[in-house]
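Please go over the structures that come below.
Two complexes, one shared chain (subunit A), two partners (subunit B, subunit C).
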Partner chain A sequence: MVLKPRLEDIKIIGYYLGKIILGLGLTMLIPIIIGLAFGEINPALDFLIGIEIALIFGLILIKLCFTEKDLNWMQGMIVVSLSWLAAMLLGAIPLYLSGHWKSYLDACFDAMSGFATTGLVLVQDLDHLSYTHNLWRHLIMFIGGQGIVIVALSFFVRGASGALKMYVGEARDEKILPNVIHTSRFIWLVSIVYLILGTLALGAVGVLNGMKPINAFFHGACVFMAAFDTGGFAPQSQNILYYHSLAFEIITIIIMILGAINFKMHYHLWTGNRREIFKNIETKTLFITVVVTFCITAFGLTQIGSYPKAIVLFRKGFYQLISGHTGTGFMTVYARQFINEWNELALVGVICAMGFGGAVCSTTGAIKMLRIGIIFKALKQDLKRIIMPERAIVVQKFHHIKEIFVEDRLARSALLITLAYLVLYGLGAIIGMLFGYPFINSLFESTSAAANVGLSCGITDASMPAALKLTYIFQMWAGRLEFMSVFTLVGFFVAAIKGKR
Partner chain B sequence: MKIKSFLNATLGISIEVLYALFIMLAAFLICLVLYFNK
Partner chain C sequence: MNNDLVSRFTLHTPRFIFERAACSLQRVAQHLFLFTFFLLPLICYAQSISSTELINNAKQHDGKTVTYEGEVIGDVMVRGNYAWINVNDSQNAIGIWTDKNLAKNILYAGSYKSKGDWIEITGVFQRACLEHGGDLDIHAQAIRKVRQGREIIERLNIGKRNLVFVLLGALCLVWILKQLKRK
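So, the complex of A and B:
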C-alpha cells in the first residue's frame, strides 16, 4: 500500500530546498564582483535580479517550512532532484536577461547543460557575450561538477545530519572521509588546487600564443572549469578550435582525464597510496576502454582518409574521443564535420566512449568505469562457473581501494544502472528520429545529452523543436543524478496522487 | 608533517598527470601504427 506524503514531509523538503536555493543565489555574487571589476554594470544588474529572486524564494521556503527535523532517505533524494531543477530555473534568469538566448527555455537548456556538466549550447552570438555572463556559464559547470549539494554541504548546511542522504542522492555513493562534510571539503580542495595549476598552465599558453594576459588567464580559468568538471563550455563559439594550439589541446586532455578520475583515488594518491593507480579497476578499465574505442574511431577515420597524418588523427580523432569518453565535450572540429567527414564506424567509437564515461565519484556522467569493470568481472565469473567442475567454488575479486568480491548484489546494481542508461540513450534517439533526424545523428546527440558529454553533430540548435529541447533537458538531469533521485521524485508524485492517508 | 603532506600531494599530482600522458602516448602510438600501415 502506498501512503500519501504527509504535510511534514513537504515541510522538510521545502526547508532544505530553501537552504540550497539560498546558497545558489549567493554564488551569483561571484559574477557580480567580476562584472564590476570589468566595468560591466548592466550584466552585473542581471545577476542582482537573479540573486533577489533566489533570496526571495529561498527565504520564503525556509520561513514557511521551518523545521528542526532531519531528512530521511526519501526526502533527501527529493530535495536533490528538486534542487537541480531549481538551479536550472534560477541559473537561467541572468542568462536570459543578457539577451543572448532566444527564449527562457533556451536559457534553461544552457543552465541545465552547465549544471549537469554537459556542454550542449543554444546561446546566440557567444563571441560577444559579456565576461560576467561567460564566467557564470563556466561557474555553473564548476558548481554542478562538484555537485550542487556538495556546495551547499561545504558552505551552507553545516552540521546537518541529513547531509549524507543528499550527498548520496547526488549520485555520489562513495564517501572519501568518514564525515560527509569533510568529504565535500576535500573535493573542493582538489578542485581548487587544480584550478590554480590549470589556470596558470592554460593562461601561460594563451599569453605565449599572443593573447592579452587578462584575456589569456580569464580564458584559462573558464576552460579549466569546463575541462576539470568535464563540462565542455568554452568562452568562444569555436570551442577549443579557437585556440589552434597543440599545447592547449594537450593540457586540456590532461585536465579532462584528471576530471574523470574518482575523487577517492585523488585522496589516496595525494596521501601516499601511490600504487592504487596501477591496481584500481577504474583506472585499468578507463585505459582499456579508451584504447578500444579509439582503435574503432581511428580505424574508421583511416578508412575514409579524413586525417591522413598521424598528428592530425591524434588532434582531431583522439581529442574528440577522449573528450567524449571523459564526458567533457570539448571540440576541435565543427559539429557538421562529424556527419560530413567522419564515417559511421568512427562515430560508433565515439558514441561507445560517450556511453561509458569516467570514474564514479568524479565529475563525469554516463555508465562509469566501476560498473563496466564489475559487469566484466561478473561475466568472467559466470564463464568460469560454466567451464569449471560443478562442485568448484568460483570466486572473483576486483581492486577498488580495497579487495572486493564480485557478489550478485553488486553485479545486479551495476547492470540495472547500465540498463537504465542504455534505455535513456535509446529513448532520446527514438524521439530525435520522430522529429526526422537520421538514426546515427539522433543516437549521437541523445547519448551526448544523457551521458552529460556535450559533443554535438549539429542537432542541438536554437531552431530545434521545443519538445526535443525538453527531452535533452530531462536526459541531462536524469543522467547526472543517475536516476535514483529522479525515480524517487516520480514515486513521490505518484504517492501524492494515488496514495492512501 | 605539513612538508610530508605537501610532498605526498605533489607526488600524487605528478602520478595523475603521468597517467594522463600514458593514455595519450598509447593513443599516439595507435595513430602512428595506422599511419604506417596505410
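So, the complex of A and C:
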C-alpha cells in the first residue's frame, strides 16, 4: 500500500531545499565580484537580480518549512533531485537577463547543461559574452561537477546525519573519508589544488600562444573548470578549436583524464599509494575501453581517409574520442563535420565511448567504468561456471581500493543502472527521430545529453523543437543523478496523487 | 519611291530575317562568352562565401581559393612570423592563418566591450589542414579591412537597476519577517 506523503515530509524537504538554494544564491557573489573587477556593470546587475531572487526563495522556504528534524532516505533523495531543478531555474536567470539566450527555456537548457557538466549549448553570439556571464557558465560546471549538494555540505551543513542521504542521492555512493562532510571537503581540496595548477598551465600556454595575459589566464581558469569537471563549455564559440594549439589540447586531455578518475583514487595517489592506479578495476577498464573505442573510430576514419596523418588523427580522432569517453565534450571539429566527414563506424566508436563514461565518484556521467568492469567480471564468472565441473566453486574477484568478490547483488545493481542508461539513450534517440532527425544523429545527440558529454553533431541548436530541448534537459538531469533520486521524486508524486492517508 | 519599295520588300524576306536573327544570336553568344570567361570569375571571386557553406561542403571547397568575410573575435595570436585570427561571419567562426604583417591593420577584436574589425580574407581553404593538426582553416593571401571596429560603451540599464532595488526591498522584508518569527 502506497502512503500519501505527510505535511511533515514536505516541510523537511522544503527546509533543506531552502538551505541549498541559499548556498547556491551565495555562489553568485563570485561573478558579481568579477563583473565589478572588469567594469561590467549590467552583467553584475544580472547577478544581483539572480542572487536576490535565490535568497528570497531560500529564506521563504526556510521560514515556512522550519524544522529541526533530520532527513530520511526518501526525503534526502527528493531534496537532491529538486535542488538540481531549482539550480537550473535560478542559475538561468542571470543568463537569460544577458540577452544572449533566445528564451528562458534556452537559458534553462544551458544552466542544466552546465550544472550537469554536459556542455551542450544554445547560447547566441558567445564571442561577445561578458567575462561575468562566461565565468558563471564555467563556475556552474565546477559546482555541478563536485555536486550541488556537496557545496552545501561543505560550507553550510554542520554534522547533520542527513548529509549522507543527500550525498548518496547525488550519485556519489563512495565515501573517501569516514565522515561525509570531510569527504566533501577533500573533494574541494583536490579540485582547488588542480584548479590553481591547471589555470597556471593553461594560462602560460595561452600567453605563449599569443593571447593577452588577462585573456589567457581567464580562459585557463574557465577551460580548467570545464575540463576537470568534464563539462565541455569553453569561453569562445569555436570551443577548443579557437586556440589552434597542440600544447593546449594535450594539457586539456590530461585534465579531462584527471576529472574522469575516482576521487578515491586521487586520495590514494595523494597519500602515496601509486600502485592502486595499476591495480584498480576502473583504470584497467578505462584503458581497455579507450583502446577499443579508439581502434573503432580510427578504423572508421582511415576507411574514408578523413585524416591521413597520424598527428591529425590524434588531434581530431583521439581528441574527440577521449573528450567523449571522459564525458567532457570539448571539440576541435565543427559539429556538422561529425556527420559530413566522419563515417558511421567512427561515430559508433565515439557513441560507445560517450556511453561508457569515466569512473564512479568522479565528475563524469554515463554508465561508468566500475559497472562495466563488474558486468564483465560477472560474465566471466558465469562462463567459468559453465565450462568448469559442476562441483567446482567459482569465485571471481576484482580490485577497487580493496579486493571485492563479485556477488550477484553487485552484478544486479550494475546491470540495472546500465540498463537504465541504455533505455535513456534509446528513448532520446527515438524522440529525436520523431522530430525527423536521422537515427545516427539522434542517437549521437541523445547519448551525449544523457551521458553528460556535450559533443554535438549539430542537432542542438536554438531552433530545435522545444519538446526536444525538454527531452535533453530531462536526460541531462536524470543521467547526472543516476536515476535513483529521479525515481524517488516520481514515486513521491505518484504517492501524493494515488497514496492513502 | 521604287527604291523604298524594294528595300521594304527585301527587309521582310525570310532570308533577311534569318540573317538578322543569326546576327543577334551571335552578339548574344559573344556577350555570354565574355561574361562566362571574364566577368563571372571576377564576380565569383569577389563574392564571399559563408562559414556554414564552407563547413557543410568542406570537401567541395578543400584546397580552393575562397573569399570569406567576418568580424575578428577574441585575440590576434601571433606565432613567430605568422598569426592566428578567428573570424566570425555571424554564423560560425573560422581560424585564419596569416602572415603577421597582414594582421597588422587589425585594431579591434570582438568581445563584450568591443565590436571587432570586419575584414575580407582571400586565401586557400583547408578542410583538414595537415600543417595545423587537421584544423578547418583558411591560409590568408590577402586581408582587406571592410569596416573598422569600435569600442562598445556600456550604458547602465535603468530597468535592471530598478529591479535590483525592488527585489532588495522584498528581500529585506522577508529577512525581517524571518527574524520576527524567531523572536
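Assume the second predicted complex is superposed on the first by the 501 of 501 C-alpha atoms of A that agree within 3 Å, B and C clash if a C-alpha of one lies under 4 Å from a C-alpha of the other, contacts with A are read in each partner's own complex, and residues count from 1 in each chain.
Just so it is clear, a residue touches a chain if its C-beta (ideal position, glycine included) is under 8 Å from a C-beta of that chain, and two chains touch if they have at least 3 such contacts.
Remember, predicted model here, so these are calculated numbers, not experimental data.
Trainee: Tell me which partner A:212 touches in the superposition: subunit B (first), subunit C (second), both or neither.
Mentor: second
Trainee: Once the shared chain is lined up, is A:63 touching subunit B (first), subunit C (second), both, or neither of them?
Mentor: second
Trainee: Between subunit B and subunit C, point out the one touching more subunit A residues.
Mentor: The partner that reaches more residues of subunit A in the superposed model: C.
Trainee: Which partner chains sit in contact with A:318 here, subunit B, subunit C, both or neither? Use first/second/both/neither.
Mentor: Touch status of A:318: first partner only.
Trainee: Check the residue A:49 against both partner chains and state whether it touches subunit B (first), subunit C (second), both, or neither.
Mentor: A:49 contacts subunit C only, not subunit B.
Trainee: Could you say whether A:334 touches subunit B, subunit C, both of them, or neither, answering first, second, both or neither?
Mentor: second
Trainee: Looking at A:129, would you say it contacts subunit B, subunit C, both, or neither? Reply first, second, both or neither.
Mentor: The answer is second: A:129 touches subunit C but not subunit B.
Trainee: State whether A:309 touches subunit B only (first), subunit C only (second), both chains, or neither.
Mentor: both
Trainee: A:343 contacts which: subunit B (first), subunit C (second), both, neither?
Mentor: neither
Trainee: What part of subunit A is shared between its subunit B contacts and its subunit C contacts?
Mentor: Overlap of subunit B and subunit C footprints on subunit A: residues 308-309, 311, 313-314.
Trainee: For subunit A, which residues count as touching subunit B in their complex?
Mentor: For this pair, the touching residues of subunit A are 193, 197, 250, 253-254, 257-258, 261, 266, 269-272, 274, 277, 283, 286-287, 290-291, 294-295, 298-299, 302, 308-311, 313-314, 317-318, 321-322.
Trainee: Looking at the complex, which residues from subunit A come into contact with subunit C?
Mentor: Subunit A residues touching subunit C: 39-43, 45-46, 48-49, 52-53, 55-56, 59-60, 62-63, 97, 127-131, 209-212, 215, 236-238, 241-244, 246, 249, 306-309, 311-316, 332-334, 336-337, 340-341.
Trainee: Taking the touch rule as given, give the residues of subunit B at its contact with subunit A in the complex, in rising order.
Mentor: Per the touch definition, subunit B meets subunit A at residues 5, 8-9, 11-13, 15-17, 19-24, 26-28, 30-32, 34-35, 38.
Trainee: Contact residues on subunit C for subunit A in the complex?
Mentor: 55-56, 58-59, 73-79, 83-84, 86, 88, 92-93, 95, 97, 110-112, 127-128, 130, 132-137, 154, 156-157, 160-161, 163-164, 167-168, 170-171, 174-175, 177-178, 181
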